[in-house]
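Structures given as structure tokens follow.
In the two complexes that follow, chain A is the common piece, with chain B as its partner first and chain C second.
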Partner chain A sequence: MAMLHTINKSPFERRTLDAALRHAVKGSGILLIEDGVYAAFDGTIVADKVKAAMADHEIYVLGPDVSARGMSEEHVINGVKIVDYDGFVDLVTQYDKVQSWL
Partner chain B sequence: MAEPWEDEPEGPVRKFMYVNRRAPYGTIYALESLEVVLIAAAFEQDVTLVFMDDGVFQIKKGQSTEAIGVKNFSPTYRALEGYDVEKLYVSRESLESRGLTTDDLVVPVQVLDKDQLAALMEEQEVILSF
Partner chain C sequence: MKLSILVNEGPYQHQAADTAIQFTKAAVARGHEIFRVFFYHDGVNNGTRFAVPPQDDRNITAQWTALAEEHNLDLVLCIAAAQRRGILDENEAKRQGKDGNNIAPGFRISGLGQLIEAGIQSDRLVIFGD
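Then we have the complex of A and B:
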């Protein structure tokens, strides 16, 4: 069954997102949290990579971490789903298991 | 009557540069840097701040941290002017690769390219990296 991958590091500073995407099978979910949320914004040098990944994965971003960083829904790439903490819990139950890429 | 410490000669003023390269909330670096900047400013040193790499996110407008239960320290950057910390520089490459412009920032800054930043670093006497 499908796995949920969580990524909490900035894609501009670390290769965590790349590592996760390289090892995530089709149908698994990607949840961006903490500094990982920077991958969810449009107009950056990593946006194309994330858009390409959407062909194989649902991509989610944690809303509270987005607002903390001065960003909002309008900055988030179309098709990336914004979830709150309750939504985070729902995802953890909805997917079979969780891999946290630290 | 003058307090004893007021009679002492003023210490040397050195050129201090703080290089901020981390995003604001994922690690403690940004907040710690700000604390140290305020200390140096209290000692009336010649302070320069640089925001580069993910450090540019420290001064992104509109931060709202209520939901993550962490203090939003971004308004403090606007108070730096009151401590005579007015030399704020931002890397052009870092802004552009993150889809940001100076309109997105909470403070007025001067945007420099990498060669200008390198030259500015060479002028400093003390560089502290966060």
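Then we have the complex of A and C:
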């Protein structure tokens, strides 16, 4: 299986999501954590990019970091999978390698 | 699975230290072995026992110490990063002629070889940072 990419910065602050999406091969997982979760919300200027990326990648978002920012599941783009820390651990073991885009 | 964790960010900066703790807790709870947690760059600031956060705030260093004691974790601070930032154990304080040490219980100071070994020995190396 392919690589898991974690993104921990807001797409409105850094370009790490773009960088990851440019390099991730088809079948890779993208996990949005910390301020990276802002990329998972619908109605933003990056939402279309994230929706397009879902054709090639599973996109996950860390639920506790979503609620820590006062947002809820209903704000999350349809099809983005919400995981907790247990799910984070499972993703790390399911994918071959983990690349943290810092 | 055998996992190692690399923490490159200090406590109370952004969120990496908190995420690393939560991830480590979850990994242990799911039955995985934590081979080592290595603290590099500003991450070494996780390992000073002289930090006194406000009482209504989380104490990140104490959380690491408790986790290490409970699950016998190997928490390693990079020696060069630690010396730059004034984190010393008893031996290093003596060697550098300093009047005290401040390393927190459960942590030890060692070299980068410990990170390389963790990368080789573990199935996954998960990096948390700024």
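Rule of thumb we're sticking to: the second predicted complex is superposed on the first by the 101 of 102 C-alpha atoms of A that agree within 3 Å, B and C clash if a C-alpha of one lies under 4 Å from a C-alpha of the other, contacts with A are read in each partner's own complex, and residues count from 1 in each chain.
As a working rule, a residue touches a chain if its C-beta (ideal position, glycine included) is under 8 Å from a C-beta of that chain, and two chains touch if they have at least 3 such contacts.
Computed from a predicted model, the values in this text were never measured in an experiment.
Going by the contact rule stated at the top, is it chain B or chain C that touches a larger number of residues on chain A?
Ranking chain B and chain C by residues of chain A touched puts B first.
Which partner does A:52 reach: the first (chain B), the second (chain C), both, or neither?
It touches nothing on chain B or chain C.
Check whether A:41 is in contact with chain B, with chain C, with both or with neither, and answer first, second, both or neither.
First partner only.
After superposition on the shared chain, which partner residues are touched by A:72: those of chain B (first), chain C (second), both, or neither?
Once the two structures are laid over each other on A, A:72 reaches chain B alone.
Now for A:63: first (chain B), second (chain C), both, or neither, which partner does it touch?
Once the two structures are laid over each other on A, A:63 reaches chain B alone.
Just checking: does A:89 make contact with chain B only, chain C only, both, or neither of them? Give me first, second, both or neither.
second
Per the contact definition in the header, classify A:13: touching chain B only (first), chain C only (second), both, or neither.
first
Between chain B (first) and chain C (second), which does A:100 come into contact with in this model arrangement: first, second, both, or neither?
Once the two structures are laid over each other on A, A:100 reaches chain C alone.
With the touch criterion stated at the top, can you tell me which chain A residues are shared between the chain B interface and the chain C interface?
Residues common to the chain A contacts of chain C and of chain B are 8, 34-35, 64-65, 84-85, listed in rising order.
What part of chain A is in contact with chain B in the complex they form?
Within the complex, chain A touches chain B at residues 8-10, 12-13, 34-35, 38, 41-45, 47, 63-65, 67-72, 75, 84-85.
In their shared complex, at which residues does chain B touch chain A?
22-27, 53-54, 57, 60-68, 70, 72, 74, 97-99, 104
Under the definition above, what is the set of chain A residues touching chain C in their complex?
My answer: residues 8, 33-35, 64-65, 84-86, 88-90, 92-93, 97-98, 100, 102.
Would you tell me which residues of chain C are touching chain A in their complex?
So the residues of chain C touching chain A come out as 1, 3, 8, 14-16, 19, 22-23, 25-27, 29-30, 32, 123-130.
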